[in-house]
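Two complexes come next, and they have one chain in common, chain A, joined by chain B in the first and chain C in the second.
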Partner chain A sequence: MDFSNAFRICASGFQAQRRKIDVIVNNLANINTTRTPEGGPYRRQIVIFGSEPITDTFGDVLDESLKLVTVDRIVRDEKGAKMVFDPTHPDADNKGFVAMPDINSITEMSDMIMANRAYEACVTAFDATKNMVLKTLEMGK
Partner chain B sequence: MNALFGKTTELLSLLLEYRSERHKTIASNIVNIDTPGYRSQEVVFEKELAEQIAAQRSRDGISGMSAAEEKPFGVAEAGEHVDIDKEMAKLAENHLMYNLSADLLARKFRGLKDVIKGVK
Partner chain C sequence: MSDLIIGIGKAASAPDVGKTEPVKEKRRSDATFADLLQNKIQKINSLQVEADQAISKVALEDSGSVHEAVIALEKASISFSTMMEVRNKIVEAYQEIMRMQV
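Now for the complex of A and B:
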């Protein structure tokens, strides 16, 4: 059906925005993490979106102009750690400073709201698609 | 076929095709709102169709619209960044226009059915 591509485009939007919210929640949850498997404090992660043309199940490009959104990559914020003076902390260095993740909770929250709104926009597009399909089917009545 | 359905069905089905194509393009713009380097796209139709109608009129000397054999529209890059409010407005407008076209086509069929059955 012709509309299945529209559904797939909307679904790719859901997936990408949800992934973005997952990463933001991960950042917020680790706002005070000083120990990570890689060593050092947790580093903030940023989602980078990319677009790719819509393909069929065999991987052939169906339409060059219609683009799905994908999570291109998740990069680590290269900003260094925030040094906080807390001599009682077990991870404090000999001067009493602890390397804390440099995460601003307000930035993360506003990013989350933006991702949420983008998700809602995709839901609206999906609803419109559904409505159009139903209208088409009603035509035969 | 043409005597029964006329050009209305042909034109309306073309219109539905255009609207569904445009819908997909708008959806593609909306989902790529946060994609770096993505350029917004638009289905261009009106200009080509206007040209085609003008050409047909001058050729046949008749007025009235006619649907083309091939799709008289294509996707072009609008060359702007995606503007979410513009896209949402376009989505709503396109959705309503699709419903209108579908409704008109349904009415056409219903009218034909009424004529065939005889309205009581």
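Now for the complex of A and C:
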């Protein structure tokens, strides 16, 4: 069906934005984590989106200009840890500083709002497509 | 539904009793239309089944994503309304024929 391409692209947008929200929630939840399996404090994670063409006859006609959004990879922020003075903390070094994750909750919250808005935009696009199809069915009445 | 179409085909071919060849041809083309319709209905039914499975995946197994289920539902709903539109047209045509003065 001709409208399923739009639906598939919408679905990929939903999936990508949900994954982004997952990662942001992960960052916010681990804002005070000092112990990780790989050692050291938790490192902030960043989602990188990529696009892949729809492999479809319709996509072929349009010279693969229709692209699905995908989560290309999730990378760790290479910024160093934030040193916080807290001598009572069990993970403090001999000078009393603890290596804390360098996560800014305000940045994370604004990223979250952006992901939310992008998701809402996908929902609106989905509704618009659906309304177009339903309007077409009303044609000739 | 397909019986109805074949019925229409029979009614349309009734005046040509004397000639056998055109009747046969007409009936065959009507049968393909019925087949086409049946195929489409089966496809729409499979979309409904897909939507059912997506919903039960989300609701019962707690796996699969909500948006996929909703998209499956919307696809099923749109294809169903398209089918209803086609059906309305067919019934309209049938009634038009039944209203014909003989």
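Here is the rule we go by: the second predicted complex is superposed on the first by the 131 of 141 C-alpha atoms of A that agree within 3 Å, B and C clash if a C-alpha of one lies under 4 Å from a C-alpha of the other, contacts with A are read in each partner's own complex, and residues count from 1 in each chain.
Here is the rule we use: a contact is a pair of C-beta atoms (placed from the backbone, for glycine too) under 8 Å apart; a residue touches a chain by one contact, two chains touch by 3 or more.
A quick note: this is a predicted structure, and the numbers were derived from the prediction, not measured.
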| item | value |
| --- | --- |
| Touching partner for A:18 - first (chain B), second (chain C), both, neither | second |
| First (chain B), second (chain C), both or neither touched by A:10 | both |
| Which of chain B and chain C A:97 touches, first, second, both or neither | neither |
| Partner chain in contact with A:2 - chain B first, chain C second, else both or neither | first |
| First, second, both or neither for A:49, with chain B first and chain C second | first |
| Partner chain in contact with A:130 - chain B first, chain C second, else both or neither | second |
| Chain A residues touched by each partner, larger count belonging to chain B or chain C | B |
| Chain A residues contacted in one complex by chain B, in the other by chain C | 3, 10 |
| Residues of chain A that touch chain C when the two form their complex | 1, 3-4, 7, 10-11, 14-15, 18, 126, 130, 133-134, 137 |
| Footprint of chain A on chain C - complex, ascending | 65, 67-68, 71, 74-75, 78-79, 81-82, 85 |
| Chain B - residues contacting chain A, complex | 16, 19-20, 23-28, 30-36, 38, 41, 75, 84, 87-88, 91-92, 94-95, 98-99, 102-103, 105-106, 109 |
| Chain B partner contacts - residues on chain A that touch it in the complex | 2-3, 5-6, 9-10, 12-13, 16, 20, 48-51, 63, 65-69, 118, 121-122, 124-125, 128-129, 131-132, 135-136, 138-139, 141 |
